[in-house]
Structure formats: structure tokens, C-alpha cells
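In what follows, subunit A forms one complex with subunit B and a second complex with subunit C.
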Partner chain A sequence: MSMLASEPVKVAEESVFRRVLLLIARHRMLSVTVLLLVFPLFMPYTSLAINILVLGLYAVGFNLMFGYAGALSFGHAAFLGMGAYGCGIAFVKFGIPWLPSIGIGVLVATALAFVMGYLAIRTRGIYFAMVTLALSQLVYYTVFQARTWTGGDDGLRGVNLAKINLVGFEFNFLNPTVRYYVIGAFVLFALWLLSRILESPFGAVLEGLRENEARARACGYDVSRARLIAFTLSGMFCGLAGALYALHLSIVPIETLHYTMSGLAVMMAILGGMGTFFGPFVGAATILLIEDLVSLWTVHWQLFVGAIFIVFVLFFPKGIWGSLLERLRL
Partner chain B sequence: MKSEKKTIAGISRRNLLASAAAVAALPVLPSMPYITRAAAQDTGPIKIGFPVPLTGPFATEAQDQVRAAQLAVKEFNDAGGANGRQCELLVRDDKLNPGEAATRTLELIEKDNAHFICGTLSAAVQLSVNNVTKARGVIYVSISQSDKISEASDASPVTFHEAVNPHLMSSAVARYAVGKFGKKAVCLVSDYAYGHENLRGFQRAGQPLGLEILADLRHPLGQTDYSTFLPRIAALKPEILFLANFGADLVNSVKQATDFGLKDRMKIVCPTLLYTSRIAGGDEAFEGIAGAAPFYWGIEDKIPSAKTFNDKFKAAYGGRYPSDYGAMGYSGIRQILDAVKIAKTTETKAVAAAIRALKYDYYKGPQYYRACDQQSVQSVFVLESKTKNKRNQYDVFDVVVTEAPDEKRLRTCEELGHKT
Partner chain C sequence: MDLLLTQLATGLALGSIYVIVGLGLSLIFGMLHVVNFAHGAFFMVGGYVGVFVFAKTGNFWFSLVAVPLVVGVIGMAVERVLIRPLYGRNIDDPLLLTFGLSYIFVEVIRITFGLEGIPFGTPRELRGAVDIGVGFIPLYRIFLVALTAAILIALWLFLEKTSYGLIVRAGARDPEIVRVLGIDISRVWLFVFGLGTGIAGLAGFLSAPIQSVNPDMGVPVLAEAFVVTVVGGMGSLVGSVVAGLLVGVVVSITSLFAPDMARVSIFILMAVVLLVRPQGLFGRKGAMG
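Up next, the complex of A and B:
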């Protein structure tokens, strides 16, 4: 009886915090929308906010495979990169307008994800990571050597989008604020789509696979096919992130395809909280923001970023967002 | 994570509607006051953004670039600035990454309202910075090597290439070495833009002199073990070995070639013989190696501006000698500030016109910009590494050739795709 009596008091104490977090967790899309609208206000500069949006989407796309389907891929840079190069080459070399160019970037990345997935999906665990890494390195070297199309190690330049026409209005895409909200709209759409996918029966199958693959198979689910679909969708989201990245920076550096970029996605997802909807975004914002601020202050920024990362991994094993969600339920 | 499913409800129709309404409200936002930022003003301090790779393999050179740039800024400010306007140098770490460099350049232009950008230390990074600045009509003075930046695809009225380029450097080496040491050469080429551009320059300048390339062997950037290449090179019996690789790769390949005994059988030359690499590699490894350089402090014996620059640099930094890339940083900043003084404004068109018209001699003899591609026409020095008769521990080269500035040594405007 005494325990029951003390309960309401505790709830009252943390009710505001609880309510806000519950609200965010419950109304994913509404919260994301509000957050995206005010996000640049809290950032040192708008272009960094755009980087966080784009790489956040990249990490969210990666998390579909890593956090929800439970397979660690080390080759997602290939999808980010091919989305960027697909969009960039369509725009620069073929003079295709920006909107269809984004579409082409997404298509190229999705197709590549399907092919890579087809080749890699039957492997598990560390072997899956190695096969995806090897395949993405193949993509890296192919793009590196195809100088006439991609610019090789000089990178692809000239993805210069100055003016865009939207619903009858002309916007100056060089203006960082316009660029932020245009790119933000795409990211928002992608997040909504992802939210739908995760809520669908297919999303449930993915989580089932992650928790107990043998049982999922025994229940009659085609495990390979579900994983291949998840991998392809994951590549699609990363490809969109790549296409937006190309338009934002107006260049596509060969580094977008480098394996360190794949590693970045893993770090963002783990730091933010794998298997949570917002986690990778929180991770992306944390990493990019810390890197940006600390490197302004000291050339030894890697030391500090590394230390902060270790602290988070040690004390927030479920990631920043994951730990917050967990505390919410205490 | 399983339990998250319980608390996170699916997205409801109401949420969807709210989201849609919010998205529809997006175009209204740009008119909100907090986002409208002032563009670079023609009053207040003169701001020059300076993205360089303070971390990564070229950190040593980059830190020297910063030192030299700060020296130019200090000189300008001590002399009273331009009409009382002082200069502010905004140093940023580009991490030797084109994406990071582009983001930092956007920050410098969009947030800090930098009037000018100068800096970088890699072909790819400068091309990315240049792409950002030229789209926004901001003057960019590049202080690292690239052939590409002069080509019509990348050049622009606001792009100035102060640094030397691979074509100029490798052809100077060819003119020095081919004939003098023999005509048969093997090229060991780092397989990226720097290596390819240098190979092309060496080949083209060497051909009229009877150069015969027995083989060009490619190695990936960052190769540490050259043992597979060395026996092949020895078997081909060349008279010249041309090493088109940079920084740590150069130091590693030179050391291993020395250990393998290649030096007794052939002359080793390289297109960019860096002062910092030479110091890092040491006497034994670099003995007998020749190469080109945009600057070496030892030219001060013959060139008065070099002496002035060296003395100022040493006085400011405790007796330290400036490196080649540092010197280019000094020149890059100083020409912008001189142009601002001449133009009496920071307005882009006027300053760009003033830079174009400059005939300057800051650290290495006379220089000027070629009209078509805005490449700085300048002297190049061919150096022989020396191990004996040194004046001090920093005296590591003999200047054997001074190639005076000459447009004819650059690729022609037509070849670069410029209309004449």
C-alpha cells in the first residue's frame, strides 16, 4: 500500500519531461516537422544544419538495415556515393533538371543496393560486413578510374544549382535558408515514408528477423527476400541522401564513396541509438556538431571527439536517444 | 527496443494532416527575420577565409601556410590597413577533405561574410572550394598545385591560381635532366591526378629532347612498400628514374630506392622536391636526388625579395625558415590585401581587376597573372639535394637552375579550352 501511495508523487515529479518525450516518441512525424522547422536556429551555421539533415538521413537509411533488420553492412557509402554521383552526373553531364536528377540518383543507388544485396544477403554477421565492404570498394575504384565521367580523385564539380522553380515561385538555391528548407522537405518526406514502412507488417517482419531469424523462418517468412527488400530500401534512402548532398555542396568528392563514410554511418547509428527511429539523427547531429565546434578550437579535435565517443559508448550503451527512451519507461 | 513499439504509436491521420500543414507553411519561413543575413559589407574589417588541412598528412605544411599568412596580415595591419580597415584572417581546418572544405567555405561565406577565400593544399580540395566560391562570385586565391583549375571547365574570373602547377614543375625537371643524365627513363607514378599530371608534363617537355620512357609504373596513393617495383625498375636499366609521388610517398619510395641501391645505377628526379620532405627524409635518403620547387629559402642569395621574406619570417617565428607552401600562403594573402589597397574597396569586381593587373615580387622574383586562365606566371627552381658544405642544418639544397617566368612554359590558352 505504501508503494502505491508513493507512485503518483513520482509521476508528478517527472511528468513534464515524461510527457514531452512521450509526445515526441508518439508523434514521430509531427515532432520531426517541428524540429526541422526550428533546427537551423540552434546551429552555428545553416550549411552545417544541412549536412546534419543529409547525413542524418543517410544514417537513418543505414539504420533500417542495421538497427531494424539486424545486419551490419560496411558498404553503405556506395549508396550515398552513387546517389550523389548519379544525381551529379545526370545534372552536369546530361543537363537534366534537378528534380529528375535526384530521381536518377535515387534509382542508381537503389539498383546498386539490389545488386549488392543479391550478392551479399545470404551471408551473416561479420561475413556480411566483409562482403558489403568489398563490394563497395569495387564501386569506389570503378568511380575513381572513370575520370571522364566522375572527375576521378578531383571529384565531380559543377553541380551548380542556382535557381529553382517551385509551385510557380522562383527561389535562390544559393541562399542557405532556401537550400535548408528545400532539402528539409525531401528529408521529411523520406522520414515519413520510412515511418510508414516500419509501421507496416513488413516492418514487423524485419524486427522479427532481427530478434529470432529461425523463428521467423519457421513462421513461414521468406527470410532472404525480406532482407533483400530491406537492403534495397535502405540503399534507396541513402541514395536520396547522396543526391541531396551533391546539390547542397555543389560537388561530389570521391570521399563520399570511401569506406570511412560507411564507418561514419555505423558510428552515427550506434551513438544515437540503433534500432530507434530518431537515434541515427541524434547521432549525426552530435558527431557533426562536436567535430565542427572542437575543430574550430583546437587542431587536436580528433582526441576530444574520440574521448566523447568513448564516454557515450560506455555510459549510454543504447545510444543517446535509446537511453533517453529507456529512462522514459522507468 | 521491443518495448519502444508499445509507446510509439503509429502515425495517425491527425499527425499526417498537421505535418502536411507544416510543410505547406515552409515557403513562408524564408521571410522570417532571423535567417536573413547581411552579405559581406564594404565597411569594417577585411575578412579573408583560410581553409587549410591543419590535421592529416599535410599538417606540417598547412601550419606553415598559416604562419606565413598571419605574417602577411600582421604586416598589413601594422602599416595601418586600407583606409583604416584592418584585416582578419579566419583559419579553418579543411581536414584534407573536399566535402569538409566545401562546408567550411560555405560557413566562411554565409555566416562569417568573408570577403575573400585563400588557401587549401590538395588538388581535389581546391577544386571543391573553387566550385563553391565561383558560384557565389567570391574571389578565391589558390595556393596549392593543380593543372585542372586553369582549364576552362574550372577557371573563372574570380579564380586565381597563385601556386605553381604540376605541368610547370615536371617540365622544368625534364629540361634539366633529359640529356644531362641520359634519355631512357622509367616513371614511378602515384595513381591519381598529381601523378598523372606530372607524368604528362615530364613526357611532353622531354619528348623534344629525345626522352624515351621505358615504362610508367603506377602505385596507389599512400603506398608504403615499393619492393615489388624496385627489381622491375632495376631490370629495365633506365638512366633516369622519375618519381611522380608526393609527401610521405616520395619519402618512402626514395628511402627504399636508396636501400635497394638504385641510386648507383640511375639518376633519381622528382617534380616537387619539398623542403619539408627533405628535412623529414634526411641526408642519406635524399643524397643525389634532384627536383623542382616553387621556392627554397636558399634563393635569397640571388633574389632580394626572398631575403626580405625569409628575414621577416625568421624574426616572427624564432629563426624558423619558411617552407615552399608557406611562402605561397604569404603571397596569396599579400596580393589580396595589396589589391584591396589599390581598389580602395573590398568589392569583388574591383579587387579582381586589381589582382589581374598586379606585377608583384613578394618572395621569389617577379610574378603576374596570365590573362586567360589567371595562372600566376612565375619562376621555378631546380634543386640538387646536398649533404656536404652546408651552411647550417637547414641548408639542404643547391639551386642548380632558375627558370625565369615565361608564359611559353605553361600549356597554351587554347589547349586549356579558353577562347582567345
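Up next, the complex of A and C:
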């Protein structure tokens, strides 16, 4: 009797939850804007929220290649890192203002993505992961050796941005809340751009490529050209993330170029849900929160991340957000 | 000139390690179509197992036999429990799984042996240098080349001259037919994964006297092993041997003229090969797409 009575309530609850998710998935730009505005309120501290924002954008850029174009790259740290170094070197060594410095970082990363893509696109499938990894190691060692420009092992120090002028107002960039919303504005712009790319005919070509490459080729699409464009765009988004990362950290650590950084993008995309719009952010938030919580009592937090990642590969390959969407058949 | 020749010999010794690592990777890919992203981690675990066994027994030769066995058994357990459920799924899935696994290996080693590396001296029997006519070469390096040659010959004899080797080769070409003929192909895969990871572990132990063992030693090795397989042609065992030696020689010759460029040189080599011959030196055309 009581079971029967409770059932309609449960259904109602579920449908509200479903409706909210439906709303989020349908109006993604609106929901991203709202989410970005209130996000810091739910985080233990603002700096963590900024990290999630920046690395989330990095994972979004990676996901454009992996989730939408269907090619798994293990070298995306090169674009995050070169975006960061490009912006940082322009800002520190040449004294260029912060806004053009971001532009320079994005340009450097995009150019590098084009060159790396040109080489890596010659290989397919599984080779792609190996070649991109090897090429990103080339970038890592090169930056490591170029001490005078990059600071080598110590990282590039002194990317100190204190005051910024925007539309006539002066903001204090050292204030975490201000920093969050400034960086958030860039992330929002990037997401809007990505959303437009995915909805464009080119976005449809990419998804067609992922689903059936032979058919896309038979339909007359230049597969390698589409892949190369996707890879370059993907590098561009990661480069923006890198430039923002440099300004946020006020230092560019050499680790931004390291293999584990490339791996982090893979983990965030898989955990959140590859090929979904929000998945990479969900993944970034999950991993960084795990790091934040677990590293309070052990330095071996990567053990947990690795184990969780394996469980997801084995049992939930669609990731958190992807599984949720599938569950609700959105 | 003599300096160049000794450096060439050093390069061949260094290349031996690349050959062994690349061979394991190529063997596993050729059979199972799995890119083992934990290959560097198996290499690292092999280094630690060897140093541990040597510390307990004090016998280098015993450690040399124990390492591939222990690491191979770990590899077989991994194949049986974690990788087997992924056959038939997306080709990226085993790659991702082994990638996640490498994190666990690294952390388990860090928890057990600490964050710092453990130095490992050349075993007493293999210290000293030998005159090869153009200059002196450490005995240990000559031992590396000889051991690699022995492993290659053993592997060749096994694959070409034994009936089990025939099954392995047939399974690489057409697993479906092999299964129809009544052979349990999953046992062959289990064995090959154990073999590939076992020799990766052996390579890790062999490199211990050259570089101390540390939890992060697997990452550069993984990238270098990928270079070897891409340069040699994926799945080609001859390619792994030639490319491994070539990479070793390129590194040591570059470090003679431009030490700063040594680490970078092998990736440039790979980029050149990709431009000129994308399928690799010994790869079949079309195998790369």
C-alpha cells in the first residue's frame, strides 16, 4: 500500500530532474552562462574553481579532436603548454600587454597544432596516439633545453598581472573573484565559438567522420583535410586554456608540457563523457575535486584517479555526463 | 674517427635496450592489436623487481632470470582480468585501460619503494672495459649487445621453428581461422602479452646500471618505444630491431656533436620518417592508412 502511494511521487521527482537536464542539454549556452556565474559558490575556494574552468576548457579543446573527430591524441599538453609559454614569454620577455599576449599564446599553439597535425594525420587510428605523444615529447625537450627563454626546469616565472583595464574600468586581477570572472568570460566566448563550430556543416562532417570514415570519404569529403582543421582548432582552444593558465598561475611550470598533462586531458574527457558538450567540464571538476580531497590525507591521489579511470573504461565508457544523458535518453 | 666508432658502438648498446622494449610493444600489437600504454610502466616495474631481487639474493644472473618471469606473470594477470573484456570493443579502449593502469603501477611502486630513485651499480662480473680495436668500451655495454642478440635468436627460433610459434604467427595473421582449427587463441594472446611485458621488464632491469631506477623512468621509455615502432613499422619485428639500433646510434652520435640535441634527435628522426615513409621502414604500405 505504502509502496503504491510513494510511486507517483518518485516519478514526479524523476521527471523534474529529467526536465532540468533536458533544459541544460537543449540550451547549452544559456545554461553554461548561468552555471559559470554561480559555480564559485559551490567550490571550496575560488582558485580551485579557476583551475577547473581553465583545465575544463583544455579538456573541451581535446574533446573536439577525440570526442567529435574520433582521433585519440596523447600530445595535447604541447598546445596547452605552448599557449602558456607563448603568452608568458610575450608578457614577461617582451613586455606586451596581457590581452595581445593571450592572442600570441593562442597563435603559437594553433600554429604548432597545424604542424603537428600535418605530421600526425599521415597516420591513422592507433598510430595517431603514438605519434602525437612522441611529437609532444619533442616540444617538451626543446622547451626544457631553451633555458634563456623558458626558464627550463624552473618554469617561466614572473607572469605577474596585477591591474587590468577593461572597457574603461580598472580591475584588480589579483583578487580571485575578479580573476575568476575575467577568465570565465574568455571561457564562455570559447564555448560559444565551439558551439557554433559544432552546429556548422563542418561539425556535421566531423561527426560523420567519427561514425563512419569510409562513408564520409565515399560522400566526397576530404577526410584528412577535415581532420587537420579539427586538430588545429582543437589546438587553438587548448592554447587559449594555456594562455589563461599562465596568467592565473603567474608562472608557467614545465609540467604544463609534460606527458601527464596530455594524459590528464584524456582522463577528464573519458571520465566526464567524450563527445558531449559538458562532459569535459564534468570530468575536469571530478578529477580536480578528487585531487583536492584525497591529497589532504595522501600524496598518492593518482592511485585513486587511475583506479576510477579504469573502472570507467571497463564499465562506463560513456563517462559520467554521457551515461546520464543515455540513462535519460536525451 | 676512432671516437666516432666508439660512439657508434655505444649507440648500438643503447639501441639494444630500445630493441628489446620496441620488440615487446610490436609483438603485443602484432598479435593482440593492443597498444600497450603501460609498456613503460612494465619496464619500470622490471627495474624495481630486479633491484629488489638482487638486493635479496646478491646474484645478478638469478635476478636476470627472475625479472622477466615475475613481470611476465603480472602482465598475464593484467591481460586475463582487465584487457580480455575489452576485445571486440572500440580499438582505443585497451589503450586507455593500459594508460590508466600505468598510473596505478607508478603509485604502487612509489608507495612501496618511495618517491626517490634507487641507484644500481654495474654488477661485479660485468665491470671494466674492453678494447674493441678503436677504443675502450665498458664490458657491460658489450654484454647488452650480446644478450639482445641472444634474445633475438631465441625469439626467432621460437617463432619460426616451433609449432607453438607457428600458432602465434598464424594467430597474428588470422585469429578467426586459428580458432576454427580448434586452437584456443585466447591462451596464445595471454602468453604473448606475458612475453611482451616480460621482456619489457627485462629491459628495465638491464637499463638499471645505466640510469638509476625511479618511478618515472617509464615515461620517456614509452615515448622512445613508440618512436622505434613508428620508425620500424608497427607490428614488424625486423623493423623494431633495425629501428631500435638506428635510434640508439642517432642518440649517441648526436650527443657527440650536440649534446643538447640528443634527446630531441630521435623525435626529429621520427618526424622525417613520417614525412618520407609514413608506414615506417619495414611497414606494409596501407597499414598506416
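One rule holds in what follows: the second predicted complex is superposed on the first by the 297 of 330 C-alpha atoms of A that agree within 3 Å, B and C clash if a C-alpha of one lies under 4 Å from a C-alpha of the other, contacts with A are read in each partner's own complex, and residues count from 1 in each chain.
Basically, contacts are C-beta pairs under 8 Å (C-beta built on N, C-alpha and C of every residue); 3 or more make two chains touch, one makes a residue touch a chain.
As the structure is a prediction and not an experimental result, all values here were calculated from the model.
Of the two partner chains placed by superposition, A:215 touches none, neither subunit B nor subunit C. When the two structures are aligned on the shared chain, A:302 is found in touch with subunit B and with subunit C. In the overlay built on the shared chain, the residue A:126 is in contact with subunit C alone; subunit B does not reach it.
In the superposition on chain A, A:225 makes contact with neither subunit B nor subunit C.
In the superposition on chain A, the chain among subunit B and subunit C reaching more residues of subunit A is B.
By the document's definition of touching, neither partner reaches A:93: not subunit B, not subunit C. When the shared chain is aligned, no partner comes close enough to touch A:327: not subunit B, not subunit C.
Looking at the shared chain after the overlay, A:19 reaches neither subunit B nor subunit C. In the superposition on chain A, A:310 contacts subunit C only, with no contact to subunit B. In the superposition on chain A, the residues of subunit A touched by subunit B in one structure and by subunit C in the other are 302.
Within the complex formed with subunit C, the subunit A residues making contact are 72, 119-120, 122-127, 129-131, 133-135, 137-138, 141-142, 145, 259-260, 263, 266-267, 270, 300, 302-303, 305-307, 309-310, 313-314, 317.
Every residue of subunit A that touches subunit B in the complex is listed here, in rising order: 22, 25-30, 32-34, 37, 40-41, 44-48, 51, 67, 152-155, 157-158, 160, 162, 166-167, 169, 171, 174-178, 181, 184-185, 188, 192, 195-196, 199, 207, 211, 245, 249-251, 253-256, 275-277, 295-296, 299, 301-302, 318, 322, 325, 328-329. Those residues of subunit C that touch subunit A in the complex are listed here as 29, 33, 35, 82, 85-86, 89-93, 95-97, 99-104, 106-108, 110-111, 219-220, 222-223, 226-227, 229-230, 234, 260, 263-264, 267-268, 270-271, 274-275, 278, 288-289.
Interface residues of subunit B, counted against subunit A in their complex, comprise 1-5, 7-11, 15-16, 18-19, 22-23, 26-27, 29-30, 34-36, 54-55, 59, 92-93, 95, 97-99, 102-103, 106-107, 110-111, 123-124, 127-128, 130-132, 135-136, 146, 148, 153-154, 192-193, 221.
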